[in-house]
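In the two complexes below, chain A is the common chain; its partner is chain B in one and chain C in the other.
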Partner chain A sequence: MAIRRGRGVAAINYPTGMNLGGDPTQALVHSTPTGNFMVTLSSVDLGQGMKQIMAQICAETIGVPTDRVVIDTADTDTGPHCMGTFASRGTHRAGNAVIQAAKEARQVMLEVAAEELEVNASDLETDGQGNIQVKGAPQKSISIFDVALSAHFKRGRSISGRGMFLIPRSYPEKETGAMKPSTCYAHACTVAEVEVDDETGEVTVLTVKNVFEIGRALNPKMVEQQLVGGSWMGISHALYETTEPYYPNRDHGGTDFNQYLMPGPGDLAQTEITVLERPSADGPFGAKGPGEMCANPQIPAVANAVFDAVGVRIDTLPITPERILRALKAQAAG
Partner chain B sequence: MELRKDYFADVRKDGLHEIGQPRPRLDSPGHVTGKTTYFADRNFPGMLHLKMVRSPHHHARIRSIDTSEAEKHPGVVRVLTARDVPHNVYTILILIQVGPEDETVLADGKVRWKGEAVVAVLAETERAAQEAAAKVKVDYEVLPAVFDMEEALKPGAPLVNEYHGQNYYLYDSGECRKVRFGDVEAGFAQADHILEQSYQSSPIEHAPTETTGCVVAPEGNDRFTCYTNTQAMFFTLDNASIILQMPGSKLHFVGGTVGGGFGGKVDVIVEPIAILGAKLTGRPVSFVYSREEEMQISSPRAAEKVVIKDGAMKDGRIVARKVTGYTDAGAYSRHSPYGAQKGAAHYPGPYTIPNVWIDTYCVYTNRTPSSAMRGFGVTIGDFALEVQMDKLARLIGMDPLEFRFINAYRDGDMKAHRQPTEGAALIECMQEASRAANWPVAEKYMAMSSYRKGA
Partner chain C sequence: MAKVPVQFTLNGSEKAEFIESGTTLLNALRDKIGDTSPKGGCHQGTCGACSVIIDGELRLSCLTLAETCNGADIKTTAGLAEGGVLHPLQRAFLDAFATQCGFCTPGMIMAAKVLLDRTPNPSRDDVVEALSGNICRCTGYEPIIQAVLTAARANSQNAA
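Presenting the complex of A and B:
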């Protein structure tokens, strides 16, 4: 009887957005009289930080600091349609809609600034700090605060824009399955290292080293929080979770967190994350949706590591001590 | 976290002002100080609480329902049965033309899974609603049930759902979604190694911090405001509009700040019946799942069975892959026909294989309906695919990581569903993993690229 060590690898990809497309999202952007920008959506923030990312996307596009942007979501009386937050689609779909709306608003803003500065709008640029200036002559500038005031009270212009993003729906061909499921894919490769106690069947995940390719890390800290959380969820799926432990038997299902097994802080592995960015052709600033993908590769990586450690294959999830011990017993019986 | 900017630097424009900056989240201070408002923070004078009477049987005919004792219970304001629901038989994907309508808001004549909603009780307090629910008498005739997908697909199995007529979803392609690419049998015939293996999972709970729920308030002008933690505002509003036969203009949904979803809040379950309760009583209604309901009543991730047959050459090339996937939808469709179809689009994984055959089935059994969850249609498939890859590598006698390099898809490669690969990055992920995990592979693999000349 011994503690045995093993490691396993898995490599995966994952589509961004609703399978086969046909999932629209809209956005509206307008400025307040003093040059703050409201983004109106009906997209849902599940705790992953959708509001923050939409604010950064709008700010980058218009050319203002992020704290000048306010996100108003999700009220169906005011927010234009969004299909919903699922299928790793929020950043990609809503982000594109926000960019389109913000571009339209930016154009009006530059036109008003051009009138105030008596130059052509095409000669203007934003400095990212809240000002609009003449390209090559930054001393000739006007604040966005003043531009918004002018637009509202002097020029009678609405600094606003409409955005819509839709990937047309694809219909699978009946006989061959020819179809277009998605326009871009995130990628991952994970190596997990485990210890298996061949007396108790218990698995300890020592390290999980994840490499994720996500198109573009729009906010690296938020990317990190999502990827680390996903990696933990992958371990949880591999070793612990199910509502029906003896599926297809319906009995013994957990009804609270005492009975439904999930890892606690002490059960989580040392987690490393490396991020690569290959911008997608149609993503906002190249972003793909890594929200779901990041919880997948740990499951087979852990399964393969368990085999590497003790030489038995557990092809049924979750990989419980009971299943490992039964397999070891069968192996010993030859 | 390490951001490796050296990869793909030639196709990326860096140096933006706001994008790529690790700005602190604007909503975090509210979350960590308990000041963020969630739907359940809405409290209205005179608000009623809704509790469900649920089926104790996996499959049964309802002979009769007697609500008289429950209605007399102190604090009870209204008891709802199937008769009160204007369009009781529904399915949520009807909005994207995926039918048939196959599920009841409140059971009518039959229950098809243990836990199915039968009668809704509205009372002044949660306790009164719970006590009254226990007084509802339902006379059941228990029917044979089927729990195992293979059993369900056999001739003569108990029929789970009459709206389908058989225990699988009927796609336009027949009993399963199909992908056919190349000649899989010819591929097996030329292979040096054949490996056929079966993988299985069981249902998994989303386990959000905040359970599914909503609070509905009548606005006094025939409009109803529904504060909800749905993941999809208009999808839920539009489905509620169909179920209640109420114009969408009468409905106002407010949400957007949710304590965890993971796909568990895209079914439309609590909102329509709570709005109906508010409409029929003229009072605000709260319907919030208990933790037990969240774990055993709300849709889990489907159990899946995946059978993979591969043909591979001694040099490591996979020349044929046949995948048969089974998704256990439970008693009703919800999002499962979509999930099984998404699996068909995902197989054979991120590898270039010349001969592929895929069948994915959506199967009905007498259990809690499954639905969307993070990685829908893909997570369990990836478990199966990547364990299979490990087994194949060992069968051939190759390093598992090097074996994946040989088969990894690259730009321009044709996928089984007949889309050329664009923007691949699997090879670079594996190269970086090789370094990060100190898992060396041959130099030729470290020199590979997802780019192809001219692609």
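Presenting the complex of A and C:
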């Protein structure tokens, strides 16, 4: 009986969103009378940073500072339609919709500015600080504040735009079942090192080294935050979490946090994160979806590491001490 | 059920309420007094999201009856900032990106505050131990541990 060490590697391709029914998300953008911009969405920010990213995307597209943008993700009853926040789709799907809406709003904004400055809208540019100026003659400029006032009180224009993301629905081919489930894939690879106690079946994850290819990190600190938390969650899924430990039998499912186990601050593996950026052609500023994707590769990597350590293949999750001991027993029985 | 009077100090100000006998401190704070900084994650003492400080001790407000708090000095995360300036722990949590959905954050900060009040220069193990009764779904804990260590360093620099 001994503590045995193993190392496992796994790589994944992960679709961003899914194209059932075209995976639609819509966005509306409008300016307030003071030249702030509202983005209305039904996509929910559940802590992953949707509001911050959408504000950045909208601000970059219109050409204003990020703090001039307010994100309203209030209500799926009244907001523009969104399929939801899942499948790593938020940044990519809602981001594309916001870019389209923001472009339309920017065009109206430039048209109003052009009337005020008596120039062509195509000769105007934004300075990123809240002003619109004539290309090559920045002294001829107007603040977006004044443009919004003019639109609202003088010219009767709505500085607003509509945007949507929709991809053609893909049906499986009758013969082969082949289909195109998504437009854009993120990638990840994890190497996990574990110790397995072959007497108790207990697994300790010593290190996880993750590489994530996520298109483009629109907010690198928030991406890192997602990836660190996701890597932890992947280990949690690999070793601890389940609502039905004897699925399909529903008995013995955890009913509270005493029984539904997750690793706590004392059970952390040493974690490394590396981000690779290969901008996606159809992503907002090249982004793909890192959210759910990042909690996947740890699971097969840990399973492979357990195999490397004690020579048994556990193909049911989570990889509990019980499953390991049963497999070891079966192995010994030949 | 009969109403009972309770009176305590919450973040330095006197509170007096009539509550249903048997009301938890968590529900009294959130529903009666309007301090929603303690969160109800499990209501049975297993997640730590409802943690508050009662007379200097870390307590789970979901397992504490409000009527047992007469005369107590209660502190919650809502009372940490002074004059619009965040407490060093709050600052450190923000800077370390140690919060995502934020549901665990007030409980984590309360647990960390009790630790730092007693152990101004904690080791990493001290921090892990202090946070071990608090569950976080989002962060993977490491950013939270780092935030607490950073706040401790900031405190000791200020003291020096």
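Heads up, the rule we're going with is that the second predicted complex is superposed on the first by the 320 of 334 C-alpha atoms of A that agree within 3 Å, B and C clash if a C-alpha of one lies under 4 Å from a C-alpha of the other, contacts with A are read in each partner's own complex, and residues count from 1 in each chain.
As a convention for this text, contacts are C-beta pairs under 8 Å (C-beta built on N, C-alpha and C of every residue); 3 or more make two chains touch, one makes a residue touch a chain.
As the structure is a prediction and not an experimental result, all values here were calculated from the model.
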First (chain B), second (chain C), both or neither touched by A:Gly266: second
Partner chain in contact with A:Ala105 - chain B first, chain C second, else both or neither: neither
Chain B versus chain C as contact partner of A:Leu46, first or second or both or neither: both
Touched partner set for A:Leu117, first chain B, second chain C, both or neither: neither
First (chain B), second (chain C), both or neither touched by A:Met179: first
First (chain B), second (chain C), both or neither touched by A:Phe257: both
Which of chain B and chain C A:Ser231 touches, first, second, both or neither: second
First, second, both or neither for A:Met222, with chain B first and chain C second: both
Chain A residues contacted in one complex by chain B, in the other by chain C: 46-47, 49, 221-222, 224, 228, 230, 233, 256-257, 262
Footprint of chain C on chain A - complex, ascending: 46-49, 221-222, 224-226, 228-233, 256-258, 262, 264-266, 268, 271
Residue ranges of chain A touching chain B (in the complex, touch as defined): 7-15, 19-20, 22, 42-47, 49, 51-52, 55-57, 59-60, 63, 65-67, 73-77, 79, 81-87, 128, 169, 172, 174-182, 184-185, 187-191, 193, 209, 211-213, 216-224, 227-228, 230, 233, 237, 241-245, 247-250, 253-257, 260, 262, 272-281, 285-286, 291-293, 295-297, 299-301, 303-304, 307, 313, 315-318
Interface residues, chain C side, partner chain A - complex: 41-42, 44, 46-47, 97, 99-102, 127-129, 131-132, 134-135, 137-145
Chain B residues touching chain A - in the complex, by the definition given at the top: 1-5, 7-8, 11-12, 16-27, 31, 58, 96, 114, 147-149, 172-174, 177-181, 197-205, 207, 230-235, 237, 251-263, 266, 291-292, 295-296, 300, 303, 328, 338, 341-342, 344-346, 349-350, 358, 365, 367-368, 372, 374-380, 382-387, 389-391, 400-401, 404, 408-409, 416-419, 422-426, 428-430, 432-433, 436-437, 439, 450
